[in-house]
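In what comes next, chain A is part of two complexes: it sits with chain B in the first one and with chain C in the second one.
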Partner chain A sequence: MLAFQILIDGFAISALYALGATGFTLIFGVSGVLNLSHGAIMVLAAVAAWAAASVFHVNTYAGALIGVGVALIAAIVTYFAVVQPIQKSTRIPNEEKEIFVLTGTLLWGIMIQELIAYFFTNNAKTVLPIVEGVVAILGVRTPRNEIFTAVVCCLVIGLLWLLVNRTRTGKAVLAASMNPRGVTLLGLELTNIYVVVWAIYGILAGIAGVLLGMFLGVSSYSVGPLTASAFSIVVLGGLGSVSGSLIAAFVVGYLETFTAYLISPAYRTIPALLLLVIVMYIRPQGLLGRR
Partner chain B sequence: MTKTSRSPLSRSLSRLLGATALGLLATASGQALAADPIKIGVIAEAQAIAGASIPQAAQMAADEINAKGGVDGRKIEIVTYDNHSSSADSVRAFQRAVNEDKVHMVIASYISEVVLALEPWASRLKTPFITPGAASNEISKSVHNDYEKNKYTFHGYLTSAALALSVCDAAKELLAEQKNMKTAVIMSEDAAWTKPLDIGYEECLPKAGLKVLDHIRFSPDTTDFTPIFNKIEGSKPDVIITGISHVGVQPTVQWKNQQVPIPMLGIASQATNETFGKDTNDASNGVLYQGVSGPGVPVTPKSIPFADGFKAKFGNYPSYAGYTAYDEVYFIADAVKRAGTTDADKLVDALEKTDWEGTIGRVQFYGKDDPFTHSIKYGKGLITGLMLQWQDGKQVSVWPKEVAKGTLKFPSFIKVTSN
Partner chain C sequence: MANFFKSRLFFISLIIVIIASTLPLYVSGYILGLLTVAYYFGVFAMAWDLLFGFAGEVNFGPTFLIGVGAYTAGILNNQYGWSVYLCIVLGALASVIAGFVLALPALRVRGPYFGLTTLVAVLMLQNFIVVFADLTGGEIGLTIPDVISIDAGVNYWIALGFMTISAIILYGLSQSPIGLVLQASGQDPVQAGALGFNIVKHKLAAFIVSAFFSGLSGALLVFYFGTASVGTVVDVAVGVNVIVAAVLGGRRTVLGAALGAIFLIVAGEFLRPTGELATFIVSAVALLVVLFFPGGFLGAALSREARS
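What follows is the complex of A and B.
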């Protein structure tokens, strides 16, 4: 009984972690950007979906779509307002650009967080689930919304795989991640590819944010922990490796659920962080890292 | 350039003007001295709903007092500071309030950790200080343990010990006697205010007829409550007794989504806010929470006019700390009037003699020899607290029966039984 419970609860949270981390790692893989405003964009999506439904009274589906749309816009704005100016700047030495992008996105994330807190307070908000009610799976009372979350996460990750491996745009993205110079020599505009990647990222982060809002709820306080959790999952899986991130997401998700059930909910995140430290010692490039 | 000599007439005229100006200046400053405002610093969590009501309610009370002519001709001036829920920011705000803005008294914060950080500063800067919403027993215990040093701190809200008593009194009547419930699990966040609360619960719940089966403390940054609810369900209690303030929306929504069949009753600070229903998409229905007042509840004749006036002005009903902050400005003004001065030590003496009927009941402070010196007194005829329940998106008082507006009503997934 307890084993099934851990299996089911762990799966939903892991799938959500996986979706959140996928976009994060995709951007790093393609453009070398570690986007530290990740958590803020996820929270923004959830709060927008909440506000659309609770303040402006649109229906649940439209609210969820608005949430994803807001994240998409936020991601593109992040690229054009924060990342691109730093990358194109001639006054910042090339070797310092990475650190500038890190700082820039971090500050951008804090700005979004403070704005959310200012307009919507720092109390948690929850998005009304698209499907309500519970079903018994193997004797475990499971909210339908939890199943919905897991299914949507798996579907979206599947679609992403198809997009990257089976479409022309996806192949260009893949090529840019391997050799940006080669891509430009083939006559493709690198900026266009980056915009596509940021748009994909925005949609992924938006869906993850809205689902998180339905499943657990978010507040402006969630910004830091969400960025940190995506960051540690991606580092554990290997920076830039999408499949590594997927595996790491499930390792972290199940380890946390295990700890919460078998040891104490108070120590939930500790074993996963210990694992991260151990992996850093033994295999600094992460589970499936290329470098 | 040639120097023109001025006529004797113009010289004397200018002297006259000068003298008049000086005279005017003197009278002006004399008047300013008489009408020197009573300055109250308000340090609060402007971004948190519970905290946001504090400066709003304080300003509302000040405006009302000023409209009636102030205190002996002196206006009340509220100076507000946002502490971003941080102790460090609060300490800086306190120093600034006293040293630069020259406030006479400070009202600050609903978070025990913040209040405990400010307490030594009230002593060092010899400035009377009162909290409208923190609960930790330690706040008033420190006053008792070192009165001369800490006498500047007042605890304008119930201590955790009193809150536990209030919850147990309500649980006894509503659950043990009316619903024949026999067992409970305590679920509380790990924070300064819940330590004495939990001790209080462990002691008074069995006396109220509810055996404590388990006791779960969790980190205030918990987001996934599934394992906690599953663990609680495993021990099959009749009720979950809560002690939550930093969290609220998330456990409530997950309780509903997972259809945890056990009712929740206890302290849930976020549930005292009118916006709680919207924030949880009405998952709040059925939640029972302790309050000191509530919308539409005539705890005293002042309660409803205040709550309605607040809503008309700010668009929502006040949080629990709004009621207390409003009362505090009034009894501070009363103390200044009785003391006839804003001198810190005399103000402390006057505050100790407070006997004020506010929006939450009759406010009096425990004395030097009581264990909770300078905390507001709990008991019948003073402040007893209420039990309210979220019903169909509204906050309805259900206990004590003198002010009850409805009876217990739970969503369909709740099983009100005795296991």
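What follows is the complex of A and C.
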């Protein structure tokens, strides 16, 4: 009984983590950017969906779409307002661009977080779920929303796989992650590819944010922990490796669920962090990362 | 180094320190308290800049070193009632040991991985503080029975003196041959190694110096506040502020980091009437500086002087 409970709850959490971390790792893989405004964009999506449904009374489907749309816009604005100016700047030496992008996106994330807190307060918000009710799976009472979350996450990740591996745009993105210079020599505009990647990222982060808002609820305080969890999952899986972060998301998700159910919810994040430290010392490039 | 004493920077710093030291004579205790915190924060930022600006290592976890120093000093005072100064010294030593333990394996990895290791160290420390709540006070914070002084002026002078001495040592170190070797190994480790310098030894030394000043400053800050909590000395957000301060003031200048820290804290206070938007405004200003004046305050001033 408990085993099934852990299995089911762990799966939903892991799938959500996987979706959140995939976009994050995609951007790093393609453009070498660690986007520390990640948590802020996820929360922004959830709050937008919440505001659309609760304040402006649109139906839940439209609300969810608005949330994803806002995240998409936010991601593209992040790229043009923060990341691109730093990457193109001639006054910042190349070897220091990494830390400038980190600092810049972090400040940007804090700005988004503060604006959310200013307009919509710090209170936790729960987005109205699209599907309601509970069903029993293997004797475990499971909210339909949890199943919906898991299904949507898997579906979106599957679509992403198709997009990257089976379409022309996706192949260009893949090529840019392997050799940016080679791509430009083939006549493709690198900026366009980056915009596409940021747009994909925005949609992924938006869906993950809205689902999180339905599943657990969010507040502007969740920004930091969300960025940190995406960060540790991506590091565990190997920076830039999408399949690595998928595996890592499930490892972290199940470790947390195990700890929460079997030991104590207070120790929830500790085993995952310990694992992260061990991995950093033994295999710093992560599970599937390249050095 | 000899040139430094003739340079404009030296005279400006000297005048600023002299003016700052007379402040307690005519300024309210409220402003003194604000500046006291800002000065300790300045030392955090300078210690971080030595590591980033010179050794080229991005330490995402300055609060790991600060937190270990602060909590060691606080716990020793709380549990055993040892004297304040002994606790401060032991806190700084604990921070050095923690820095050594962290740096030894972490320096084997390069670039972002080093930063990630240090970030994880902070998260671990934060969790341990919460788990061992009996000893550390957990999320509520640790109450510390003793304080350095209850007089705002004395506290202010101690902080100013400490920051000035730290600035002299850290700046001197950064301008010394050791600083040059560090800078070289940060920019091109292979070539610096080929010239016969032991890069790992130099970087380890930089890490230990950074840890020493971070821990010392953290311990002093705890005895000023009379309390140690995750939110004030360990949280990732505090570390972020340290990094923003150093970048804002001008990386690779050491002294600029202190300026940036003072600016951040004072600006945050001035904007308090704007309520919740204060953090937003400070972050926005910091972002604009990062985007348009990547050299920071002091970097912009120094490059203008060099041009003229």
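Throughout what follows, the second predicted complex is superposed on the first by the 291 of 291 C-alpha atoms of A that agree within 3 Å, B and C clash if a C-alpha of one lies under 4 Å from a C-alpha of the other, contacts with A are read in each partner's own complex, and residues count from 1 in each chain.
Everything below uses one rule, namely that a contact is a pair of C-beta atoms (placed from the backbone, for glycine too) under 8 Å apart; a residue touches a chain by one contact, two chains touch by 3 or more.
Predicted model, so just to flag it, every value in this text is computed and none were measured.
If you put the two complexes together on chain A, you find that chain B and chain C both fit without a clash.
Using the contact criterion defined above for the overlaid structures, shared-chain residue A:192 touches neither chain B nor chain C, since it reaches no partner.
In the overlay built on the shared chain, the residue A:217 is in contact with chain B alone; chain C does not reach it.
In the overlay built on the shared chain, the residue A:184 is in contact with neither chain B nor chain C.
Using the contact criterion defined above for the overlaid structures, shared-chain residue A:118 touches chain B and also reaches chain C. By the touch criterion defined above, A:95 lies against chain C but remains apart from chain B after alignment on the C-alpha atoms of chain A. By the document's definition of touching, of the two partners only chain C reaches A:239; chain B does not.
Look at A:59: by the touch rule set out above, it reaches neither chain B nor chain C.
Residue contacts after overlaying the shared chain place A:273 against chain C, while chain B stays out of touching range. Using the contact criterion defined above for the overlaid structures, shared-chain residue A:129 touches chain B, although it does not reach chain C. When the two structures are aligned on their common chain, the gap between the nearest CA atoms of chain B and chain C comes to 5 Å.
On chain A, the surface touched by chain B in one complex and the surface touched by chain C in the other have residues 117-118, 266 in common.
Residues 5, 9, 13, 53-54, 117-118, 121-129, 132-134, 141, 143, 145-146, 216-217, 219-222, 225, 257, 260-261, 265-266, 268 of chain A touch chain B in their complex. Residue ranges on chain A touching chain C, taken from their complex, read 34, 82, 85-86, 89, 91-92, 95-96, 98-100, 102-104, 106-108, 110-111, 114-115, 117-118, 224, 228, 231-232, 235, 239, 266-267, 269-270, 273-274, 276-277, 280-281, 284-285. Residues of chain C touching chain A in their complex: 52, 56, 58, 105, 108-109, 111-113, 116-117, 119-121, 123-124, 127, 130-131, 187, 236-237, 240, 243-244, 247, 251, 276-277, 279-280, 283-284, 286-287, 290-291, 294-295.
Chain B contributes residues 47-49, 52, 85, 190, 216-219, 221-228, 230-231, 247-250, 253-254, 257-259, 270, 273, 275, 278-281, 283 to its touches with chain A in the complex.
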